[in-house]
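Input: a single structure, listed below in structure tokens.
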Amino acid sequence: MIRLVNISKQFDGTEAVKNINLHISKNEFLTMLGPSGCGKTTTLRMIGGFEYPTTGEIIFDGVNINALPPYKRKVNTVFQKYALFPHLNVYDNIAFGLHIKKVEKKTIDEKVGRMLELVSLSGYERRSVYSLSGGQQQRIAIARALINEPEVLLLDEPLGALDLKLRKDMQLELKAMQKQLGITFIYVTHDQEEALTMSDTVVVMNRGRIQQTGTPEAIYNEPINAFVAGFIGESNIVEGIMHGDFHVEFAGKHVECSDQGFAAQEVVDVVIRPEDLKMVEPADGLFTGVVKSVTFKGVHYEMIVAAHGIDWMIHSTRMRPAGMNVGLKVVPFDIHIMKKVMEE
Amino acid sequence: MVKHLIKRSYLFLMFTFLYAPIIVLAIYSFNNSRSRGAWNGFTFKWYLQMLQDRQILSSLYNSLAIALIAALVATAIGTVAAFGIHHMKSFPKATIMNLTYLPVLNPDIVTGISFMLLFIFIRLQLGFLTLLLAHITFNIPYVILSVLPKIKQLDKNLFEAALDLGATPIQAFRKIIFPEILPGVVTGLLLAFTLSLDDFVVSFFTTGSGVSTLSITIYSMARRGINPKINALSTLMFVCVLTLLIIVNMTMSREKPVKSKEA
Amino acid sequence: MKKTWAAWPYVFWMVIFTVIPLFLLLYFSFTVKDGSTVAFSFANFQRLFEPVYFKVLFRSLVLAGISTFFCLFLGYPVAFILAGRSFRRKNTMILLLVLPMWMNFLLRTYAWLTLLERKGLINTVLVHLGLQPLNLLYNDFAVTLGMVYNFIPFMILPIYSVMSKIDRSLVEAAEDLGANPLAVFWRVTFPLSLPGVLSGITMVFMPAVTTFVISRLLGGGQYTLIGNLIEQQFLTVGDWNFGSAISVLMMLIILVSMAFTSRYEKEQEGSGLW
């Protein structure tokens, strides 16, 4: 439905976005995920029409919309700081798009009422924007965008200013809304947990380029490079050498793994998730080492085990105290091999 | 593109409107003739005459002296006052603030007249002293209005933190409080100085016995009609102000780091 | 020693130099001299409404109103253009805008004499082009022009200040919701600029009503606005009672309008002077 073809954007000589190719389908919840400055917001703004691409094409339903101004696109945006109009009350804010289209009052009344119901803020029509809490403002911003029945909704880190509990609630609400309305959501965030919770597809970006595109499970379980592995969840990343298919050497040990297709003696990054490293009796372990530190994280214990010159991060609900000798074991399936990322 | 052009042209017209009279004055200040119709050759004679005109020189001196003294005194009184006002409860604070706004909001002719009435009432002869007193009075509110916001912005804990670390109240004020409010004080000082320098109406009603400020001298000269010496004076002042503003602009832009755009 | 004592020298000063003069003014305005006795009376105020004097008041208000209107009409676009985002060297432009304000107010007014005179620059150009010279000086036109010229920066700056603080994302949000540039201006930018417009109107109308320099220099000796009237009463005619009454009236008009406008400015954040 929306295709970004070779999109690049330059600002004063710096390339914020390089060669983005992306396909977004109808009814998809797609999230662009990455650290600050990775280009995700810029890309979103180009879809919305607030920035024009330096090169490349944005195709919407088969039509190139590069030069189309925002007010002509069938796209609506929920802004990071909500951008509610301070001189209008809640009703006029939500109805803004409809007023522009000169829809008749009765219809507007109806639609606004329905929207407020959707975001659980019925009865707030006459309230002023200042009297609303952050969460309420955000929901009004969503209502204001959705009332125009866009085919695509763009959301620019909309939950950033909310506290943790509210944010988690809103994540689920937004996901439910998207399913219920059946429209495409394009979401931007730097919070990887948020991305994994809500999305059908995650696009991980760094330094203006797409690193990996895939379902949340694929991104998490099979990161394509060290950046993605490091950005999504915690990881242990160690350099290793592939000695042919299913055989990797790292930390001084030759180990069976589940990846193939690498060149002989190729230097790779080996990724093992902290929850995949099991602590066992030293005799049973692949590696042996000493527990350096233990931190209680609520959900699990985080332990650092020094073994073979590497500090391994372990997540476990069983605690091993500092100073104890342990063995580390990991199943071949949980050893992920990634090509080394070329630093630019 | 057309929009851009229209915007530029409109701004250009506006700036022409603003500067045309000043530039015309400047051009005629070099005209070797009093007439405004014909150009009679280039000359500096009006500048020389102006610089030798005793009336102009003495009134320039008066203006600068009054402005300087009044600004300093007003800043001293005003800064201390702002400090006191900040710590007042709401009712006395509101009353005093309303009092402070009075000279600011009042039309200057009313302010000038009321001063004049006062001085005559207490039988103080109009002259340099009354001029000074009047200037100080209308300057103080502006100092207060400049300093008070800075005091409000002060972290309430700064003073206590200084005392906690061993400073005496006076040391705390000197080393901590004063540097923080200094920008406001400086703003107030400059504002007072500028207002005094530029003032006409209040000075007009509160001076006497031959004491003139620059504005008053210009007024009496202008009333008698066109005088190229005024043109010369005006051009000179314009160049001074322009230079000053360029210097200020350059020092300010050097202090501000350039903000880079984040994607 | 309480900290609030720091303010007392100031209060003392203000009582002597602001409050007492004001009372003197009020005293004179409410009294008439009958030979050597002084009596309380409203007569001074009533005199103001006699046709001769009322005409002066009316003219002052009308001219100030017209000047304010032109300042708004001509100045708003300048503020709008400057506040727009696509402007390099914006600070320089603003500085250039402010620069004439730093020139002595009298000189700025005087400057127009050269241009507007019968034998002045404008007429010289017109005659050269074969056209009739115009009567540009010593009339309503010259005075209005002088007011607009002197006060337009005071209209532009507050409007610019407010407009430059309008969150850019509001404009984008409006565009996103379907508003073309005209609709964005009318529905978002303009309403949000109104506090600045109000400030500007206040800062122009007040001094315009009470000026006497502009009317004296550009209107001529016979041209009387309310400011000139006050000056005359005190310095020429010697009728301090009447002069005070007019002054008090002026003060009242202005203080009332300020109270009125400050109600609308309640929502503005605390304003410093810069």
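All chains are identified by letter, namely A, B and C, in their written order; residue positions are counted from 1 within each chain.
The rule is simple: contacts are C-beta pairs under 8 Å (C-beta built on N, C-alpha and C of every residue); 3 or more make two chains touch, one makes a residue touch a chain.
Predicted model, so just to flag it, every value in this text is computed and none were measured.
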Farthest chain (mean CA position) relative to chain B: A
Chain pair that, of all pairs, has the most C-beta pairs in contact: B-C
Separation of chain A from chain B, taking each centre as the mean of its C-alpha atoms, in whole Å: 56
Intercentroid distance (Cα basis), chain C paired with chain B, Å: 17
Residues on chain C engaged by chain B in the complex (per definition of touch): 2-11, 13-14, 16-22, 24-25, 28, 74, 77-78, 81-82, 84, 86, 91-93, 95-100, 102-115, 117, 119-121, 124, 149, 152-153, 206-207, 209-210, 212-213, 216-217, 227, 230-231, 234, 240, 243-244, 247-248, 250-251, 254-255, 258, 270, 272-274
Residue numbers on chain A that touch chain C, as the complex places them: 48-50, 69-71, 75-77, 79-81, 83-87, 96-97, 99-101, 144-145, 148
Interfacial residue positions of chain C with respect to chain A in the complex: 167, 169-170, 172-180, 183, 187-188, 191-192
Residue ranges of chain B touching chain C (in the complex, touch as defined): 4, 7, 10-11, 14-15, 17-22, 24-25, 28, 35-37, 77-78, 80-81, 83-85, 87-88, 92, 96, 99-100, 102-103, 105-110, 113-118, 121, 133-134, 136-137, 140, 142, 144-146, 149, 152, 187, 191, 194, 198, 200-201, 205, 214-215, 218-219, 222-223, 225-226, 230-231, 233-234, 237-238, 241-242, 245, 249, 253
